[in-house]
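Okay, so subunit A shows up in both of these, paired with subunit B first and subunit C after.
Up next is the complex of A and B:
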């Protein structure tokens, strides 16, 4: 059968070449070639009188307007696109390399405090507003402009804790001067004085404060855990359970009547606002500094511990944590969940910030800078994009939550490319070359050597235990898992 | 003293209530009487009045009596500590139960392919006018007229956007039901189209025999109908009979079924030699006779039956077809396999255990080594089992054993700033990485194997001077006969028996020769092969039966350089696999990653491409959809209680519709039909 393409070619090109000069081919050669084609065609004509002509619908290939994208027909026949796995592997490798190259998480440093920053608070209604309390006063920040909006002298001495009311119109602070103060979020007009809306004078120092999600109720802790009504000057309920000092108390954001607190007797205590007594407490080997509830899972919380680890508990089964998060080389001071509840970020005394997936034992990311000192407070912004860290050396730092992520609006094609490369990275993440690159992080020498030392120590301990077990009567040395090691008792 | 006190109380009560109640007054009188007598009041005195009142107070009476008899003191109440503890426990139970309601939501979110945050997003896009304009009223006469018209036709005006009929229809059928109904309709449509197609197909069939059979069936049916008609409606039957007569006459006129057709002529030629052809001719003649005979009675039943048995198609042709896959019309027409046969086949093939082959660049490793590796792993697993969680707690996530799990990050002092740095990083790896991995994690893998092999080789070399190992293997062992002193007779007998059994079991087994054969085969496979690159027709004539010239063949035969000598060349009792390529191994996954259960699963995920080159736009979008989607600049609030309620409602409505119930009767019918056919066949 004759190919219609050849047919049309021969009829079209032959007369054209007769007259003019074709730059590619000398004339004689061209004509000879086409003569041959013509002869063949004639031959075919004689043999079969049926001629097939291509008929296409122009709608299939002509654009409606010139602004439309050209249609590119594709053939997905796998034999036409061989080596799919090696090709994708290469793409994945390149994507991983680029991710590492573009991993620049540090965005900005907010300086202006004249003392170490002790606490921070997110605004529940505005992403660009953030509050920070230092060891001498406190400041309200505007993040998009990276500038201080308002400064006020809230307490004498440390500002221990601060929280914004759920509606975002006012905020509460507690300080070393044994007071709880409520402030308006709006800046006072010209000539007005900075004055708190309310001031409550307590009997002892308050160390932490948190506000209820929906009602006008807040909770403080110090020598005991107090639940306050906003309208009253005395607590509506106080809990104490043989402990004389608490370091942190947090409302559960999902089951809003539940509370948890960290106490100085190395325990974590659970409360229900509606009950007269605390619910339960678990005593661990070392003291927990802070805790944070998972905002998407009502019964899970993570606490940051002095023994360099973080522990994620299911509040129904306190006898052992369901994950132990290791990697820090010094006490963990603060922890905050991402608003999606998939990850959390921790701040440590070892001058680093680490991001952990909520069910993984090790961190997926470590942030540090040369000048950042002990990180005291940490917050994950409520749009899941940024992390704020407050540290000893008077600075607040703004980080990206995903180090290599491009910020701002993405074009759809860009978005598709990002998704594709992410998928590829996930797909080939177990291959050693890719894994190596994806997992590589730079650490300051001191932390590096410290973690190495810790590893050696741990291995030695493990080996010794193994040896002891080997040489003792079988069954006399029960195997204690890592999870069980850190819990002393659960007190009912 | 007590009397005075009670009196005082009574007075007090009376005064305080200030109610002129007869009862109280009476009781007061009673008390007064008693008190005036100056006696002590006993419990029995009080109960005495109770005795007169009927059944309502029996319970209290009993209790009081019990109190009277009971002399022992009450138990001391629990201490404050203990009561608090009990209170705490109760409260904790309560809250934990309350919190557990979230379990399903949490699990659902964990399993979700994609989570879009913020969770409670309002549907984007323009809102309906009815929602925007809420408090608007018709004012102008035109508007009023329009509205009155709308009202008359029961059209929605304000908030309920649907007409009453629409609402009723919505209420009548939920989404699930509608789906089911739609599926049913679809099925019916498919079936119909199938039958149409079948009819079309049958019409197109050229086989004469088929049509003959078909006709015969039709005729038989027709006759049956006629018989019935004779009984029920004789007049109509008479007319039918006339029609039949007419057709017979026509037939007679056309003179069909005589030996004049093309087919009949050809058969006539064949009839001399072929018995079948002769029979066919005879049959045709018979038919002719039948047709040309004047009919009075319809044809004989028995005869027809016989013919039928000879000619009809098997029963299942006429069956309502058995559909394997109801949805897929392409799956029709396949005969289902007999379950028994299937079972047998299942029994015959044992579950195939595939060797562990990981990694992209397809490369298999030696089976032996893999076996060893697996052994190693199982040992490790056994060790690890001790570290596992206690079973009484629910596993909240894939909590990795902390001590054993590898770190997610590899922290070092190298800072990666540019692509060159990354490049360097990967080069370092290829030089240094694989060795420590294998030595630490699987101590008995290839590396150590080869090591041991080389060690053995060294030893062999030393020994070689004295004994040729080749001979040792191939030569038969000398049987040394020793006089055995029977120390324990029974034992020897047992051993003898066992030996005999083993001998019988391994009668045809020649392990050594098998091994040698195996080794030779491997050597053959490793030997370089000559590659023939000759193409016919280039530079000379080509065509059928023409071979490329000898010189050309010589020229285009490429001889590959011989590979380095095999490691086990001089080790007759060892096979060292040469398949492992260390340069590729550095790029391969050496351990099965966590969520996968077997290597094939992992390989499958790697093998299926993701990109646009291999998949359509939609598929790519679907595959590469990110797990967590957040909106730019949107505040993500904690999950709210409404979510839980919504989820519960879904759970309630979800599984209530039973899809199985529709299929039940059909299945029954089918099975009944089958039974019928079986009976027929019998």
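Up next is the complex of A and C:
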């Protein structure tokens, strides 16, 4: 609008007359002599001042028509944006509060079983399919439409374990009737009978089953760990290490030839499928119920233990666990990793589900409902968004993995806002006010009081130990860390 | 035991190096790429002179070299591979003078450089030290976040080049002082819209006037001493409301937007909306003389004749705190826009700094002999300008509370105001002087001057405009002061051209991120700093509870070895090898640094010597 150099045309004006001010001579004292001098001066330089004054054209800053979006010119100069940190902190605080407001993790309850649900299986190819086995031998299929698609009577008595083949076309079940059955994934056509593709009659009860990631090989456990070829009716290899019963066996999803199992003699045994004998085992203070391999870190696995804790081990160094995860107030029954390998979810006898970061000692989230009883089986969905829990009172529950997450498609601006607030929450997570709000969870009274009691007991034990150490010879009572406490020995 | 030493050596790589030179890495690679060709021409092995032949080179040469090539065998084979790799790298960066297919070379390869001072403008704090290597995860997080902030800084600096407006300026002829140029001349010289910003309102009945501009600079609020209160859109000269409150008016202030304003009247504090309707009469706030509004905290700070400093939260309408300053009548007040601290000037020559969180002043500065007449603080919170009854104008650095400059004004300044770009206006009697850069080199002459019709009662720079509002006994004068206002506003913070809808949206957002009064302190960025003391306290408590220090380093106990290797002498030796492990890195680092500096110095000296002195014939005898 304004050209930078504008030469004033007024040449013969006397500034003093117009309110100009001469610093050497306070106004009002301009004598005649001075005036004369200044007039002459002004005539000599034909007033060549340069001036530019801010003058914005509103058209550059206002939208042209009502159909346009508003113009928002930005200037990122930090001095125009004071209080950067306190404002960000306030935003982070608001984001944390909103997260708690929107934390509604429970999505659906899938009912239809007529007995407690004992096991579940994920479909490797289809996110919307999932299998469940109950105590009366039923296998029910569920879809994200939240309805049962197919029901079949698989076994007499409990269905102990089930697994879908890696290709997703068939699945295996084991039951209390000492059989392994292979079933087709497709629903039988009209008039066809529900019949297993294959049935293998074993010598003893099977408690768990898992399938190899790439080959037609599966593993069962019961009195011993058996490795089966799909084509044969007898195991190609059997492992036992002086134990009479195993509760769980799992293939490593990355190093596919490795296996781990939980035995009733409080041990976790590792195997290599290619070798004739087990690799090694670690014996702990109490029995482990199940274990799950980290899908991203081939050497790490987490086991759920009877002593209310979960333990993450590095299979190379079994002499002490990597992390001890505490928070449950009763035996932990099942555990499953998220597909990203960063978190896992555990199901407990205390009627709650907890989500742990893989390297943190305490849970980041706890889920419970009034009607949910002892949670027996738990699965984290392959898209990292949902958690499925199967419990005693015949229901399967669908939960969100991130309690405050908004489901469905997000607009780009929504996504950006979510990312921004997540970053802010991360940045200020250690501030006491924000941490208090982010950590706050409502718990059922029984669990709350029980955890308090456990805390008191633990503190008392620690105090006693401290006192003993104080009054004994220095060095005679070495400090045993929490990690070392729970491992008895490692056998190779 | 060499194995014990090895890890040290590895760790002794300067820890800070990779991080410090992070931006440099790029430079290095581009350099590599640029000089790639020349490097390749150098012989790979000492004997070889010519580079390996290529199929695209002439066939004659091929024939010549054939025999040689077979002789050299393995060494030769490796070079083409290396060559390929290097050119590939070079291709990514776009080395200087690199030729493209058409044969032309890019004269400006790579991204444009960002000027250093622009980068400095967007710098936020110094970079911290990286955590030691064993904490590799934390280290990774820190490195990533540093890289992200570097990128943001660079992008901001780049964007800064594209800002549409430039600041105003005024330059006289060689011998002409800019202060002799009158307002009429300026108004004549500039375009009509800018010229219209110089105007007078003759309001001789109810003056003298105090004034306030809204945060966006669009709206003007005038309060006459004898009760006349008016607000208007000063650019379009549209009157929003006008009234007489039939009481003495001590001060007027816009609240967060142009919809509300506060008027300090004879007895109580009143809040009006822009139609002039009285919304609240706040009886907790009596005898208010001066007011300041803290826009990001939604706090209205008032100073009263009874010596009380009170804070009103205007978003909820509650008094936050009332502080008895015990300093008598408070009629000098300013606020620091950088950290929201209130500055009060007192009749004994002191200036005190206040927050709502403390009953005592944070700082008490003796600034003048005799009373303080006016205080102003600049936008960045670095400088404070005060004027006193001793006719002095002083500039302080309020980060260190050091006096920077002291000026003597014959008449003394009654009102001070600082503009967004750091111009200072001082009113002496009926004359308004504008100074430029008072904190830098000592100023001898004002930048501009103007004589108002009556004695000046209030001056205020308009944000985002080159305008200085002057309230005086005969009304109001709007002065044009080129170079006063920030030329480029931020549309999400204060947008002078915002629509009603945009204002509503801004209001909601601003209310959502209202900063709590507890967060006001001398350093507003303190929240982002690591709280060491609390951590130490907590760690102490933990040690107390556990009975041992979980973070303590394990004492080194040498392993028992057989065949005489665990004799006490050997054990001592082994112990010595790991002793002071933590200090070794530091020592090694300092030694390396010193050596580096020494080397640089020597090289520099050598160069200087080479440049300065031609070789004399006697140099050959020098050692």
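We adopt the following convention: the second predicted complex is superposed on the first by the 418 of 492 C-alpha atoms of A that agree within 3 Å, B and C clash if a C-alpha of one lies under 4 Å from a C-alpha of the other, contacts with A are read in each partner's own complex, and residues count from 1 in each chain.
Note that in this section a contact is a pair of C-beta atoms (placed from the backbone, for glycine too) under 8 Å apart; a residue touches a chain by one contact, two chains touch by 3 or more.
What you are looking at is a predicted structure, and each value in this text was computed from that prediction instead of being measured.
In the superposed pair of complexes, A:73 makes contact with subunit C only, with no contact to subunit B.
In the superposed pair of complexes, A:431 makes contact with subunit B and with subunit C alike.
By the document's definition of touching, neither partner reaches A:199: not subunit B, not subunit C.
Once the two complexes are overlaid on the shared chain, A:479 sits against subunit B and subunit C alike. In the superposed pair of complexes, A:86 makes contact with subunit B and with subunit C alike.
When the two complexes are overlaid on their common chain A, residue A:445 makes contact with subunit B while staying clear of subunit C. Touch criterion met: A:323 reaches subunit B, while subunit C stays clear of it.
Once the two complexes are overlaid on the shared chain, A:254 sits against subunit B while remaining clear of subunit C. For subunit A, the partner touching the most residues, choosing from subunit B and subunit C, is B. Contacts of A:58 after superposition on the shared chain: subunit C is touched, whereas subunit B is not.
Of the residues of subunit A, those at positions 76, 78, 81, 84-87, 89, 91, 428, 431, 462, 479, 481 touch subunit B in one of the two structures and subunit C in the other.
Those residues of subunit B whose C-beta lies close enough to touch subunit A in the complex are 84-85, 87-89, 91-92, 94-96, 98-100, 102, 106, 109, 115, 117, 359-361, 386-389, 393-403, 405-419, 421-423, 425-426, 429-430, 433-434, 437, 586-590, 593, 605-607, 609-616, 620-621, 623-626, 628, 630-641. On subunit C, the positions that touch subunit A within their shared complex are 121-122, 124, 156, 159-160, 163-186, 188-191, 193-194, 197, 296, 337-340, 379-381, 410-411, 431, 433, 445-446, 449-452, 464-466, 480, 482, 485-493, 495-499, 501-502, 512-516, 519, 524-528, 545-548, 550. Those residues of subunit A lying in contact with subunit B across their complex are 76, 78, 81, 84-89, 91, 93, 97-98, 100-101, 103, 124-125, 127, 213, 253-255, 258, 270, 272, 275-280, 295-300, 314-317, 320, 322-324, 326-327, 339-342, 357-366, 382-385, 408-409, 416, 419-420, 422-424, 427-428, 430-433, 436-437, 439-443, 445, 447-448, 451, 462, 479, 481-483, 492.
Subunit A contributes residues 1-2, 4, 6-10, 13, 15, 18-23, 26-27, 38, 41, 45, 47-56, 58, 60-62, 70-87, 89-91, 94, 428, 431, 462, 465-466, 469-470, 479, 481 to its touches with subunit C in the complex.
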